[in-house]
Amino acid sequence: MADTTNAVELQNVVKRYGEFTAVKRMDLTVPDNSFVTFLGPSGCGKTTTLRMIAGLTDVTEGDLLIRGKRVNSLPIHKRNLGLVFQNYALFPHKTIFDNIAFGLKYRKVAKADIAKKVTDALELVQLPHVADRYPNQLSGGQQQRIALARAIVIEPDVLLLDEPLSALDANLREEMRVELKRIQRELGVATVFVTHDQSEALAMSDKLVVMNNGIVEQEGAPEDVYNNPASAFVADFLGHSNIIAANLGSPDAAFTSVNLQSGETLLTTAEQTAKANGSKDVRAVIRAEKIELSDQNSAKDGSIAIPGKIKTVDYLGQQARYFVTANGRDWQVINPIDARPHQEGADIFMHIAARNCVLLPGHQD
Amino acid sequence: MSGWSMIRIATILVYLFLFAPVAVVILLAFNANQFGGFPIEGFSLRWFEALWNNDAIVRAFKTSLLLGLLTSAVSTTLGTMAALAMVRYDFPGKRTISTLLVAPILIPEVVLAVALLLFLQALSMPKSFGLLLMGHVVFTLPFVVLVVQARLVSIRRDVEEAAMSLGATPVQTFFEITLPLMLPAVMAGMLFSFTISFDDITGTLFWKPGGVETVPTQIFAMLRNSISPEINALGAVMVIFTIALPLIAASIARVMSARKLRASNRKTQTA
Amino acid sequence: KNARAATPEQVRFDGWGGVVSEAFEKYAFAPYTQKTGIKVISGTFGGADEYIARVKAGQPGEFNLAHLSGVFDYARYHGLELTSELNEANIPNLKNVIPTLIDPLRKISGGTLSAVPYDYGTTGIAYNRKYISDDEAKAKGAKLMVDEAYKGKIGGWGEWKTRIWYGALQSDQDPNNIKDIDAVWDMIRSHRDLALKYWSSGAELMSLLAEEEIYVTEGWSGRIKALQDQGHDIGYLDPAGGLGWQECLFVLRGSPMAACEELLNFMLEPEVAIAVAEGQSYPPALDPNKVDLGKIIPTLPAFDPKGTLASLSFFDPAYWNENEADWSKTFSRVQRGY
Amino acid sequence: MAADIAGARRAPWMLLSPSLATVGLLLIIPMLFIVVYSFWLRTATGADQVGFYLDNWIEVLGDRFYRDILFQTFAIAFYTTVICALVGYIPAYFVANTPMKSKAFLLLMLMLPFWISYIIRTMSWINILGTSGALNTVMLSIGIIDEPIQMLYNQTTVVLGLVHYLLPFMILNVYVSLDGIDKNLTEAAQSLGCTGFQAFREVTLPLSLPGLAAGSLLCFVLAAGTYITPIVLGGPRDAMFANLVFEAIVTQLNWPLGSALSLVLLALLGALVVIYTRYLGIDQIAKSFK
Amino acid sequence: MADTTNAVELQNVVKRYGEFTAVKRMDLTVPDNSFVTFLGPSGCGKTTTLRMIAGLTDVTEGDLLIRGKRVNSLPIHKRNLGLVFQNYALFPHKTIFDNIAFGLKYRKVAKADIAKKVTDALELVQLPHVADRYPNQLSGGQQQRIALARAIVIEPDVLLLDEPLSALDANLREEMRVELKRIQRELGVATVFVTHDQSEALAMSDKLVVMNNGIVEQEGAPEDVYNNPASAFVADFLGHSNIIAANLGSPDAAFTSVNLQSGETLLTTAEQTAKANGSKDVRAVIRAEKIELSDQNSAKDGSIAIPGKIKTVDYLGQQARYFVTANGRDWQVINPIDARPHQEGADIFMHIAARNCVLLPGHQD
């Protein structure tokens, strides 16, 4: 018998649409009570994977296990899942109340309880007044919240959420996220969550699954994945990274020098150096938000300052994004705005601490 | 047994039920006897030969075909337009008009037939093929309106809106977007109006001008003297055509595409 | 107002379809057109009632000639003022027609004629010899059709006149002089309850008998003959006071008379009339004493070699017309169980 | 709601005008003649007596005979409709969920019976159900029965004939509606705990109601207006209201009475249509779509 | 004649759905060549307003002007708009190629040019290989990109985009945003953009329109709106703000003291003080990301340090969000993560600079 501490497990799962392979080989576990997030570029197979778990799409090859049992051909209604579709899929002919009550009815919840639960769910998604409307009388974000309420209200064993917050504004989204997390904890329901919002993914997940092109690129705790990307793809996909081919210098007491192809030399830590496995040929990954800009060179021990010129500035509210040209190479830098952003054309120093210089093997992908 | 295979079996049974009389007619078309019933006592092609030589039936058949095609063209056009108005717009008197559009099938045909003739009498207008056609259009119209309406409500409005936002006029939007999406309903409407027209007796009896006969009126007039199996033979020929044509077309398409595939395979191999 | 009055270039003829109209077209209309240049537009109808309804809804002159049923209908058209006046001088072949068929028509339209008789037949009792012997049929006569023994195997024409006629015979009354109409209705009810089916066309009559759905019904002589010719063992009996009828070629008011008269005369040419008669299995209205009817005609049922038709009874048009409104409506109810 | 704001007022009328003109000219005006006729009388010869008489109306509305037949007619139409709906839904569902290629063929096959003229088709039931028909022959030969069963010429065969005639209309209407339903919705229902069948009942069925309702309306109205089927497949007593109308107009040449009768039928069926448009019609259903 | 430098102008526009008023009174201009973003909570009327501009929804009251001409009743196809729907609205029966080519066909573009333009558009949205597919064979994000391509390819006068990037991952989204901006500049097309992503709104817009509840709360240049919210709603909606009732102290030479209800005293600038119009009764608005956390009190001139205790930490990748309890009040603070986030339970100082203490009137809303 398989490991029963996994709510969902995919073993070598493949999905083909005719000649096109949407999911190439998916190995994945969703531990009990955990919150797992799928992150990946558009079209990488997130929805397809979710649909296979839900039982809406046939698995072409491989095994799908729920609570250790192979369920490749278990009908969806026996899986006790809560599912939020990317396009909501509200029942157009039912009122909002009936949409949310739907799943409860099939769980033989008493009438009075249903009314109570639906009202609560509507409160939860902050739409207490729309119970009598039809879906087509709601805005996009409102429909999405109803879809969420409908999936949550049944207190399922597994919650599958396909971008359930994408149509909400930042504040509401945050509130929903908190609620969602609370519900997940309270019910102890294993949750698979698809999102394109990285901070959401990082903030909410127990486990982050980065997918690309029908395979899992990396999975692990959010901080781990963020701080130690296993591939250039992950490094670049999570946040913005400057990835530069480099040669590893000889290790110093505390730090190792990293000679970038573009000419500059950075420092890195012993921990990172170990990842190179003795090879000199590496790529240095420096996150845009880990580079500190300032007018003066204020490099301290274990940090390097590279002079450059600001080429463009994007104003992002609390932060600004800069493209800084140094030695003919464009660096991307994201810094919080203190009083006001640095100006276009300004001469500037980029400070990079050794601990922020992550290494990857030279020709991995 | 899975639900789907039960549905499949039920469907086959329903189709068999629908085809039973057709099968009987076809079998009897090959019966040597005029009245035999079952079991059939002899096989013969004489009724097909008779059909071939029967100008009246062949002529009536051509008339019916033409009338049916024209009726379905006109009726489907008018009915689809009306359905579009009913579903896509709000305007005063909609319910009344909705009832009005269905009215033609609420009146016994013989009454409608006589009423229309009385009107023509008052106008001193002679009967004509055009009148017969319009008569058929009137009582096939509700079929088209009903079926197209039922489909139209479920076609998302926003794809039409998208088309117009891209510069298509409402008319262009209709032909490019709405029509293709409701094609099943329009085809159904066409089938309805064609078959109803092709099969109509009462209205046709009253409205047809001198010298015009359709297959049903021809048959109706023949009833006094026992129907000749030539009629069965005609039905058999039509049925065989209806079944065979799409099958032939499909297999031609298959052969063609197979050939194309082979050709392209060859190309990639040599490349 | 004569928007649709036939021009001398064409006349309109309506008749029964199938073999009858084929014979008409081939032996009458085509040669006639060739001879005179006048086109015959040929139409069909499914029954006399339907045709009269169409004429009534039509426009004057729209319909010209028709192959109509019986004396009774002639009277109806006369009542609706649709009769014309034939110039008999233009129809020399009229002299060959059985006088007893012409006289009733003349009587209705006050001496002149609006039609020429064309064929005749009987509505007798048809029975399946497998189940009913000739003797039994002969003994029971019209009452064979209300015999409990054949419940569910009895048929009948769903036409009010025929039903009442046979109802009269079954209640031992003179159909043309019914004293106790209630007794007739009761007989019709009895027959209705025993019957499997009221048929409404010759085709149905033939198929019911051929497939042995029913064993006994009244039937049209020509149709029964056709069945017998196909090898079905069906007996046919004209009971005492057997019901005869004729069909005529009727010219409606407002028609181009000369052209119509010429066509009528043409159709009464013996070879034309005989060909048509053979086609529909009903004897022509030609007098066998004056014309040689060939070999086949004399074998047709109801054929009277004497040419007097003395053994047959016909609907008395005056009597039946007088009761038409009432009886047809009452029959409609009685048929449905009232 | 209106896309073409400028034309929104005019557009529906432009779309409707050809149909309304056709119906108005070929139906409404002619039916006024019929209304007038219903107040005339039939004379002894079958000609019409012009005037304003209420006799026909008194007879039609006061006589139980007509009421009974009307009731019987509606009962037959009702059975027919229900059977058509029950029997027709399944193949419609099957066709809607069949791959595109076979779909067209299956739909075309539905229309096959129509190549055989209605009368012939109806009469051919005699060859199937008759005492020497196919069914009895087969059952006799395999020994299920000892002697032929009398199946024909009763109300059941009338309904059977009507069902056979009307089934394609029902199937096609339902199919057209089913074909337009978003598959995601049944999936959503199933994800919420419905079995396939429950999802069907909760989502597919209600969303196919426009087609089912349209099909049912057609079946009911056509069945209620039929007169040939009872003549061919019914027993002596089996009649429907349209037979009375037909007899009045054609056999009895009593157009005034026939007019009054047909107006009664029109009024009753019209009421049904009004109910349909109100509670099942497009307006009602359109609310939940778009 | 109205001001012709406005591509779109709404004057007192109202939209009612039966009894419900979705747009209460909308006054709004979209200047020529400008990029205007609608920002607002779910259900506030963004889509409705867009639809009215497009001519898809009737204006109940008021005037809608395009290039100075009242167009309340001009049919949509004569408005030369590019429109991206919130739910894509691709033509399900047409291939991707035909979907994109659709608008071109009606602009009488030559066949060969159409093929070229469509191919270019597909390249632009990074889906060069899907031309022959049907919409239902694409993922959500892919469909959205096609919808964008379809609207852009016709080079319209006005581009109306309803959350056109919501289904895309951050990287792709950024690329699309750059492309969109480039196209907008090149074509000089007035663009109305609906988004829930604030950094997107701030980065892209020439003008930001913050809506709430069917009215415009504030409009202006992004920085202006961000730095000087006109209402508590705007302050809270854009980013996260700590909004605290306060009493204005007497003005100092450079700074004015702000006495918070919760007990602490902050400083603010003369510029802000002016906004109070002499009233003492104000609300202080301090953005979460403008509060600097550190272990030590390092308050300088013009800055105040408030001691507190970290209650919760949310890991957001490059940043962390903290709830800090000080004097029984919860403060929200967002700070970039240097080496590692501050720990839950840690004692901490919140540094608030005078320039980051924005004032609002006391009882405005």
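Structural remarks
Lettered A, B, C, D and E in written order, each chain numbered from 1.
Here is the rule we go by: a contact is a pair of C-beta atoms (placed from the backbone, for glycine too) under 8 Å apart; a residue touches a chain by one contact, two chains touch by 3 or more.
A quick map from chain label to UniProt name: A, E = Polyamine ABC transporter ATP-binding protein; B, D = ABC transporter permease.
What you are looking at is a predicted structure, and each value in this text was computed from that prediction instead of being measured.
Between chain B (ABC transporter permease) and chain E, the least number of touching-chain steps is 1.
Looking at the partners of chain A and chain C together, the chains they share are D.
Ranking every chain by how far its Cα centroid lies from the centroid of chain A, the top place goes to C.
Each chain's centre was taken as the mean of its CA atoms, and the one lying most distant from chain E is C.
Per-pair tallies of C-beta contacts place B-D first. Chain B (ABC transporter permease) and chain D (ABC transporter permease) have Cα centroids lying 16 Å from one another.
Chain A and chain E have CA centres that are 22 Å apart.
Here the spacing of chain C and chain E, counted between their Cα centres, is 91 Å.
Rounded to whole angstrom, the centroid-to-centroid distance between chain D (ABC transporter permease) and chain E, based on C-alpha atoms, equals 57 Å. Listed for chain A are residues 87, each touching two or more other chains. Of all residues in chain C, those that touch two or more other chains are 50, 53, 203-204, 207, 211. Multi-chain contact residues of chain D (ABC transporter permease) (touching two or more other chains) are listed as 1-4, 7-8, 123, 127, 130, 132-133, 196, 207, 249-250, 255, 289-290. Within the complex formed with chain B (ABC transporter permease), the chain E residues making contact are 54, 56, 75-77, 79-83, 85, 87, 89-93, 102-103, 106-107, 150-151, 154. Of all the residues in chain C, the ones that touch chain B (ABC transporter permease) in their complex are 1, 3-4, 12, 16-22, 25, 41-47, 50, 53-54, 57-59, 62, 201-204, 206-207, 210-211, 222-223, 226-227, 230, 232, 280.
On the chain B (ABC transporter permease) side of its complex with chain C, the touching residues are 33-37, 56, 113-114, 117-118, 120-121, 124-127, 201, 205-206, 208, 210-213, 217-228.
By the touch criterion given at the top, residues 49-50, 52-53, 56, 76, 79-81, 152, 156, 158, 160, 192, 195-198, 200, 203-204, 207-208, 211-213, 321-322, 324-325, 328-329, 332-333, 335-338 of chain C touch chain D (ABC transporter permease) in their complex. Within the complex, the chain B (ABC transporter permease) residues that touch chain E are 156, 158-159, 161-170, 172-173, 176-177, 180-181.
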